[in-house]
Amino acid sequence: MPRPEHVLTLSCPNRPGIVAAVATTIFEQGGNIREAQQYDDVESRRFFARITLDHPENALDVPALRTGLEAVAERFSMQWTLRDRAQKRKVVVLVSKFDHCLADILYRWRLGELPMELVGVISNHPRETYQHLDFADVPFHHLPVTKSTKMEQEAEVWRVIRESGAELVILARYMQVLSDGLAAKLAGRCINIHHSFLPGFKGARPYHQAHARGVKLIGATAHFVTADLDEGPIIEQDVERISHNDTPDDLVRQGRDIERRVLSRALLWQLEDRILLNGARTVVFRD
Amino acid sequence: MPRPEHVLTLSCPNRPGIVAAVATTIFEQGGNIREAQQYDDVESRRFFARITLDHPENALDVPALRTGLEAVAERFSMQWTLRDRAQKRKVVVLVSKFDHCLADILYRWRLGELPMELVGVISNHPRETYQHLDFADVPFHHLPVTKSTKMEQEAEVWRVIRESGAELVILARYMQVLSDGLAAKLAGRCINIHHSFLPGFKGARPYHQAHARGVKLIGATAHFVTADLDEGPIIEQDVERISHNDTPDDLVRQGRDIERRVLSRALLWQLEDRILLNGARTVVFRD
Amino acid sequence: MPRPEHVLTLSCPNRPGIVAAVATTIFEQGGNIREAQQYDDVESRRFFARITLDHPENALDVPALRTGLEAVAERFSMQWTLRDRAQKRKVVVLVSKFDHCLADILYRWRLGELPMELVGVISNHPRETYQHLDFADVPFHHLPVTKSTKMEQEAEVWRVIRESGAELVILARYMQVLSDGLAAKLAGRCINIHHSFLPGFKGARPYHQAHARGVKLIGATAHFVTADLDEGPIIEQDVERISHNDTPDDLVRQGRDIERRVLSRALLWQLEDRILLNGARTVVFRD
Amino acid sequence: MPRPEHVLTLSCPNRPGIVAAVATTIFEQGGNIREAQQYDDVESRRFFARITLDHPENALDVPALRTGLEAVAERFSMQWTLRDRAQKRKVVVLVSKFDHCLADILYRWRLGELPMELVGVISNHPRETYQHLDFADVPFHHLPVTKSTKMEQEAEVWRVIRESGAELVILARYMQVLSDGLAAKLAGRCINIHHSFLPGFKGARPYHQAHARGVKLIGATAHFVTADLDEGPIIEQDVERISHNDTPDDLVRQGRDIERRVLSRALLWQLEDRILLNGARTVVFRD
């Protein structure tokens, strides 16, 4: 059995003494630092860190640690989160017709690769679309949408997210653009997979755009959703080599593999508190 | 000693019998097909091929082969080139202050990796800029340029290219935009290295643009030069992973490695007749 | 609807005239060459080719083509196969407890990425092991095995393969070593995925071996099964970067992704007749 | 101008309070932590860290910091090094006939990519072998070797290393096996580039071995030299895809590129104090 662990993330203006103060607070409350990653942005002079701690002999006094961190945060104008790794995040997945990302997430979740509680799948297509996928006990919500019902549908989407208690929303090839209003409500906790190597080929049919331009690599991008379409902070990207021989359909097929692995990495990193926002960019403390 | 070899490239509208006609012609004139690659573009219904042939016992009758191919070309509306691999292409390299691509080309050329005759280096900076580079007997031309002398300078560039007999011009981080006129004269035989993964980050300071956007991979693109800046047919691209930790200067440093290898691959492929133009795209018959 | 297509593969000692003879035969029987790849092994002086052909206006006379190719084969001591792409290969998959490769194959098959007829799944574990996988109508065979029953179990495995008409057998993390006898019967049509970058880390627990040696990349290898364990002709390999931070369990998890994509590529290439044996090595005509 | 910086590396048995103690000591002596990376080996329960610090307003009291760290080291049985980044390491490079790695190191050094003082080049071939390379003022030592003079030659090699004050020795395709005695003297400060993806293809002519085995990727490995040939702790590895089409000579050519970049990365990381030994493996705190 893994020992109990907590993950601490923090960011603040950089000045001497932050690490000493945080590490001393952890030590005094009985915690043992297992991993620590930090980053000092030379432009913004802002400091970011992710620390995992365990507690030999269960010595950690969590409420006291929170109180101690509160005092440090006050002193350094620090934003911070402390999460018990045993408390899994609740996640809702939105999907449209193409289910390769959803299928991949389900498979990894079942295998134990993704430490999350799946509390809902929302689609604008009916359950039969995914008849070969085993959703176990995860509630499925069919919320069809047309141009004229978009407002009502989004209200339903938002209700499902809220009622399920989801902390994280994944757009797993959900082919509807979120309204500014919904995007704002989900700021910082909604991840989309875009099927191009951004900033190249924004908008619709990126594989066809890529084919027309004759690029030699195609890619996919996982990013936080913002009101500004395809402009949100990038979390992860990857590419694969293609050739003149590949038709747009070949790119779509090859792209599925890229999308699956890019989205699953971004999801895992978010579940492990590895991603911190730094303005329009992200700090990703990879393993 | 390698046996004498010729490379044949061809393209034409696709219809049955092309391969049979070409292969039979080669066989009848004493040639032996060593490699053959072909591509049939389903959209344009255009056929492309690259064939290398050798001649056991020196049996190949080259003039007869040319006559035979001329007849086949007539029949199939075929464009073709036949090159004796022993005849090395003459190449001129243009460079500005940053010499990493030039240094790499010189090194590979000296090692025998690039089958070409280097007939000139042109720079808008003086010879001393490259004092650590050994140019052997390759003529160096210092052609400084200002906004007001651009026309005259380009006339000089063109004169050097013409008088050197260069069949291929390489812009190895030459930081001047060619005029439409010069670009037109060099159509199909001038390769540029752009320091971004096109179509992302066109224009100036692409590594700074990439840093600002927060992408997770940076890249470089080798393409044929056209009047339309950064829009020419792409020959080769590659990328490397970066992290939030990398400053724009780090990207510049890492980018040098990507640029060197992307440009040297494109150059080698052009020297080996592996690149055929297909409208705004390229067919690249890689090894 | 795609037009009818055939795939021709061939190999023979290299001498002038092969391509001319084959291409002329195809042309005369009404075929149109769409793709052609060939390779001339300079060591063995052996020639390999893969040609796809279609038939505008259904003009192809297949029996006449076979007769014509037979004559060419006689003349050039050529081995060849001609396959109608509409005739899908029958495939049996063997699996043990870890089902990530099987799940991936099922998913790609359902999506239409793998042009095959799945005629059986054989496992030494019971059906319940894979309760989350939808096998559709594919017969499942539970054939448990112990040291003392191995001979009988292999006889059963062979019977299922034979009765199902399988032309291809995939060991999708089947953790039993085939006997020399069964390996011999399946020569050239049985593909295994080994969870290391061969020839490194043969044998058991390769990820633990890799961890102990401190390598910086791990990999997987798809190869044809031969009596000589982990020594069969390699079809495809791939790797991923790891770090000192990764435990053997992390390598196992990361390895699953590599194994899935390496095996699915090898399987696809076999289904598309892209793999030819060349002694202890393979010629793979990639897309 | 970059601000003055120090790099601290440390390792010790893991127990609570290490980070707090080290960070507090740094803070009290006027240092500001800029980067910190750490790793806790779950098997050996050993803790490793690399910390870079700068000193706003030049407040750092280095002797006091050393005294403070000495006390912490005592308490935690900690091994540590503190290096002023302005003090460049002295490096000697050994080379044989193939100079691609040497040429690459020279070029990067001149460009400022490698923060080192090059204090000698040793070769068993004469200076003329490298006539196209500009060694600037770096002393060149021609130390030829035969089977019967190996002992004497190694004594000379050792003398040059010692007299030059070299802290680091790079075997940049030095094709002589070091004796156990010399290997022992250079333990932990001699890096070799092996032209295969270890542990595959140890020993001589690895590219020919790779070709014979039919692998689909070739690689190179940078490792610390130990008495046990090709078994030293691995620092970095990389690979490239090859095909059936590549001859052993092609692999040699392609391998040069892999060797250059693998060795230059390992060298840079060593110069930046990013590599810590962990038994037979390395901890590499990459950027």
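What to note about this one:
Each chain carries a letter (A, B, C and D) given by its place in the written order, and its residues are counted from 1.
In this section, contacts are C-beta pairs under 8 Å (C-beta built on N, C-alpha and C of every residue); 3 or more make two chains touch, one makes a residue touch a chain.
Predicted model only: the values in this text are computed from it and were never measured.
Note on connectivity: the fewest chain-to-chain touch steps from chain B to chain D number 1. Distance from chain A peaks, on a Cα-centroid basis, for B.
Rotation angle, chain A onto chain D, C-alpha superposition: 180 degrees, expressed as a multiple of 5. Homomeric contact chain B/chain C is classed as same-residue, with over half of its interface positions used by both copies.
Each chain gets a centre from the mean of its Cα atoms; for chain A and chain C, those two points are 36 Å apart. Averaged C-alpha coordinates give centres for chain C and chain D that are 41 Å from one another. Contact of a single residue of chain A with at least two other chains is seen at positions 39, 243, 245. Chain contacts here are complete: no pair of chains fails to touch. By the touch criterion given at the top, residues 14-20, 23-24, 26-27, 30-40, 56 of chain A touch chain D in their complex. Considering their complex, residues 100, 103, 107, 110-111, 113, 132-134, 136, 243, 245-246, 250, 253, 256-257, 261, 287 of chain D touch chain B. Those residues of chain B that touch chain A in the shared complex are 39, 42, 197-201, 212-217, 219, 233-239, 243-245, 247, 278, 280-284, 286.
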